[in-house]
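Inspection log for the structure reproduced underneath, given as structure tokens.
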Amino acid sequence: MMPIMPTAITDSCELDEASQRRVVQYCLECGAVAIGHFGYASEFHKVSDPQRRRLVELIVDEVAGRVPVFIGATAPAVHTAVQYAREAEDLGADIIMATLPYVDVPDQDGAFAYYAALADATALPIIIQDAGHSSSILTADLLLRMFDEIDNVCYVKAEGKNFLVKMAALIDASGGALPVIGGAGGKHMIHMLRLGVPAFMTGTEAVDLHAAVVRAYLDGNEEEAARLYYETVLPYLVFYMDHSAQLLKEMLHRRGVLDCPKVIPPSGAPPMTDVERREFEWVLSRIGLG
Amino acid sequence: MMPIMPTAITDSCELDEASQRRVVQYCLECGAVAIGHFGYASEFHKVSDPQRRRLVELIVDEVAGRVPVFIGATAPAVHTAVQYAREAEDLGADIIMATLPYVDVPDQDGAFAYYAALADATALPIIIQDAGHSSSILTADLLLRMFDEIDNVCYVKAEGKNFLVKMAALIDASGGALPVIGGAGGKHMIHMLRLGVPAFMTGTEAVDLHAAVVRAYLDGNEEEAARLYYETVLPYLVFYMDHSAQLLKEMLHRRGVLDCPKVIPPSGAPPMTDVERREFEWVLSRIGLG
Amino acid sequence: MMPIMPTAITDSCELDEASQRRVVQYCLECGAVAIGHFGYASEFHKVSDPQRRRLVELIVDEVAGRVPVFIGATAPAVHTAVQYAREAEDLGADIIMATLPYVDVPDQDGAFAYYAALADATALPIIIQDAGHSSSILTADLLLRMFDEIDNVCYVKAEGKNFLVKMAALIDASGGALPVIGGAGGKHMIHMLRLGVPAFMTGTEAVDLHAAVVRAYLDGNEEEAARLYYETVLPYLVFYMDHSAQLLKEMLHRRGVLDCPKVIPPSGAPPMTDVERREFEWVLSRIGLG
Amino acid sequence: MMPIMPTAITDSCELDEASQRRVVQYCLECGAVAIGHFGYASEFHKVSDPQRRRLVELIVDEVAGRVPVFIGATAPAVHTAVQYAREAEDLGADIIMATLPYVDVPDQDGAFAYYAALADATALPIIIQDAGHSSSILTADLLLRMFDEIDNVCYVKAEGKNFLVKMAALIDASGGALPVIGGAGGKHMIHMLRLGVPAFMTGTEAVDLHAAVVRAYLDGNEEEAARLYYETVLPYLVFYMDHSAQLLKEMLHRRGVLDCPKVIPPSGAPPMTDVERREFEWVLSRIGLG
């Protein structure tokens, strides 16, 4: 697992460094092979620049070299993404991750130029992070071309529309040379494993459950992996997909990892209703997270 | 279960009456308490008027009074929907179902006028069918008002955005008087059961599996219902949701119910890819439908 | 001008044949070189099959061979569109027009198969009608390929996203051989004329104004064409684009052409507000239609 | 006129301070009554934080108190918008402007909380800027309530869907007390004037033309205002609406105001095609900007 952490804040939107360090520890305890920040699960777009800088320092410090740290550099402008990548490298990050700018979304030429600019700016390996807004632009062909032609582009996290098909195309066309990382919050995880995807970048709301599925599969026990996936992951995911920002933080708060479960305002989704809450609690208690 | 049937066609888009009769029999064997046609699963918008008339005759004939027959009257214009409702009544249908017109979608006043016009045109009870395009217009408040003020409006099938929440609101506000029918292809079925929804209108691709979940729950065995739902329904649904038109017909073809698995052209979705196919087959074989 | 007529109805949605004949006469008086029905302006999707048949008969009768009659065959299914095309040919239409099915929208292969099926079903020339929902599928390349490979495909009405660019591509690539018809309700009319587009298919709300612009341009008076366009067409179009279904019928009602200005229910747009109404009236009085 | 300026950059995305000062001078020469920055026309989301700070300083310096300076504080998070507002006040801005956060868009309660937080953070008057993404949330009712209940909320710039109707509702319901500012790039400008809207916040691509329309109208010459609007503004606007980011900078570059016409990468729209370019040039030469 390569979990992406949430940003731990206080009720007044200050960083909560103690909680953030506990998230790092929780990921390491669940067997994370890399730890990341500034994905969507991190609410990266709602973090101020000074907070960003401090978070990178703190995570690098807490991880202390035990696993690689990957840092998202996504920004609405190419030049600001480049600055984020440089800053992360300066502060000791090991890998840069970036999805396409999300306000003005570039076309394919613009996407290539963006990753080329990032690669020029840093010596670190780069994860291209596909997402909902990028999935029609970052086609398998373009991803393979960038993997071939831009030196630092080393990994692809495929998400968004038809990600399973895109993953298969990337693996096939590269003869397995392009390392594909799974995501999509865990959707189709059992199928990604069967496709040969070994690494998963999901939120941290249930790294233990996700890790158990992956471990069973990699141990050769497909049946057990499927059973765990269908009995413990899929049931909560159908709620999580509608309320991920809120539930990620709540689930970590209930485990004692995060002090404050608040989403950084504004929240883009209405809070879970009482009906959903009751059903979600029932699911959590069935899967041992109640 | 109140399954909605597909339209059985030949390769040249003629009706395949023998297959259509087998679909009716398959539904009855699975314990259907009502059988319907001209929902989305029926590709109702791609059936010609003469085909529509013949299908109603044939279904009424094949069901032969064993269970009620409900017929969709949805059309792009109010006056054509009214004609479909009258025709269905004349041909012996028991219940009319209708979602909002789907090309020019009316506002709330237009929606009320539409169901009032249908109610004026027929003496049959009416199921208001909520769907993706109608869910922001057919609010719980409007649905309750129509249930109160329009005599024939007797049932609501809630679907579309936040349907679980809307269902709970309808049940609560009506004190259980408004019969709410579950749908959404089976999504959240276990939660709808726990909410008190006893009837389900899904496609016919796996009426047996859906029926087993419902039966277990109504027999008081919530744990068994949940297990069946998580192990046999949810795993195939995650594929079915992306390819329902194609898979509905294929799954019935493989059971020997439909001779021809073809979707009426044009198909609105690309065919399933090889990768998805392989994974879907693996799921089917795991759940006993391989 | 090749105007597309509205469907004249009574307040109870019966056909109003006298009004419909007056629309034909109004178009002929404005110098129409062809007259059509069953475009979006005709509310074709809200006309019943018997009404459709009667409308084609009546229009063919009223036009009486003075100009060609083109009839839209667009339908949600390929086989029903084919039936509409055959019926129109049987009833004396001169040209078939069709845009892509609009509920399940086909991909490029499906689009080709659809026009090929229409061409197989009729000996009449076919106008491919591009529209908002089809514009990303009916690329210039595909349109040119269909013009080359499907015998009856004779004209393209380019509309939807970037239609000016698509038109120029069609004219350039075909060396002017593919006759391109302008539409878009009159948007960019002066630019389409400068591009070499000689024929326009717009609604009938102001055929006289549109015709005056085209006549001035074709008479070599670009400056007068531009002046007429900017002073008499563009000012009302900015309102018309938001309320075309309502205003088309109202403007014809005020000219005494249509008895009943009602849109066939349901209307897909809220009625014009008082503020817009007041401003629209001010525009109409400035351009001589008050 | 209350023009919103573009951000003047060099080819390598550094600030071009000399050009930026020329934009200020150009606005003042055109009779601007206020000058603003960090609207959409400023590409505010693609400006780094140090660039933002420097831009505010420089604009305040160049305006030198001749007219009020309004500064946009819009940001994806409430706490970062608050910081931008405070910074602008510290640096000498006169008015704060903000539209809703645009990544996670808040609901109505969140919108109220956002403007209340901004009002708490600054003593400056606030312009609520409505836009496409906010227009269904910032209803006339909510805008009026915020004008009543939040002290610093002093102006509304209504844009987005049905802005003409919303403006009329705001003016009527407040008895004219709520100052409404026009925008929408100049769409419906003549109608906004007739509605009683005296102030306009548009881009700076043609402040002179916009100002001439407004001046004629306020001088009591409605006919001249309409003529200028229809002959000089509307003809270029139909192109400008599709390519505003590119054309704003190009038009200022051609006037000698901006040295570099480049949009800050990535551009969210494909560049204008040759066909559009040719027609746009023809329009510019007709309206005296060629």
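We just call them A, B, C and D in the order they show up, numbering each chain from 1.
Going forward, a contact is a pair of C-beta atoms (placed from the backbone, for glycine too) under 8 Å apart; a residue touches a chain by one contact, two chains touch by 3 or more.
The structure displayed is predicted, hence computed values, not measured ones.
Student: Taking contact as defined at the start, I'd like the list of chains shared as neighbours by subunit B and subunit C.
Tutor: A chain counts here if it touches both subunit B and subunit C, and no chain qualifies.
Student: Same or different for subunit C and subunit D, when you check if over half of the residue numbers at their contact belong to both copies?
Tutor: Same, since most residue numbers here occur in both copies.
Student: Compare the CA centroid of subunit A with every other chain's and tell me the farthest one.
Tutor: For subunit A, the chain whose C-alpha mean is farthest off is C.
Student: Go ahead and align subunit A to its copy subunit D using Cα positions, then give the rotation in degrees, nearest 5.
Tutor: Between subunit A and subunit D the superposing rotation measures out at 180 degrees.
Student: Using CA atom averages as chain centres, what separation in Å is found between subunit A and subunit B?
Tutor: 37
Student: Using the average of all C-alpha atoms in each chain as its centre, how far is it in Å between subunit B and subunit D?
Tutor: Taking the mean C-alpha position of each chain, the two centres sit 49 Å apart.
Student: Provide the list of subunit A residues touching at least two other chains, using ranges where the numbers run on.
Tutor: Answer for subunit A, listing residues that touch two or more other chains: there are none.
Student: Note which residues of subunit B are touching subunit C in the complex, please.
Tutor: 13, 43, 45-49, 76-80, 83, 100-107, 110, 113-114, 245, 264-270
Student: Name, in rising order, each residue of subunit C that touches subunit D in their complex.
Tutor: 162, 164-165, 168, 187-188, 191, 194-195, 226, 230-231, 234-235, 238, 273-276, 279, 282, 286
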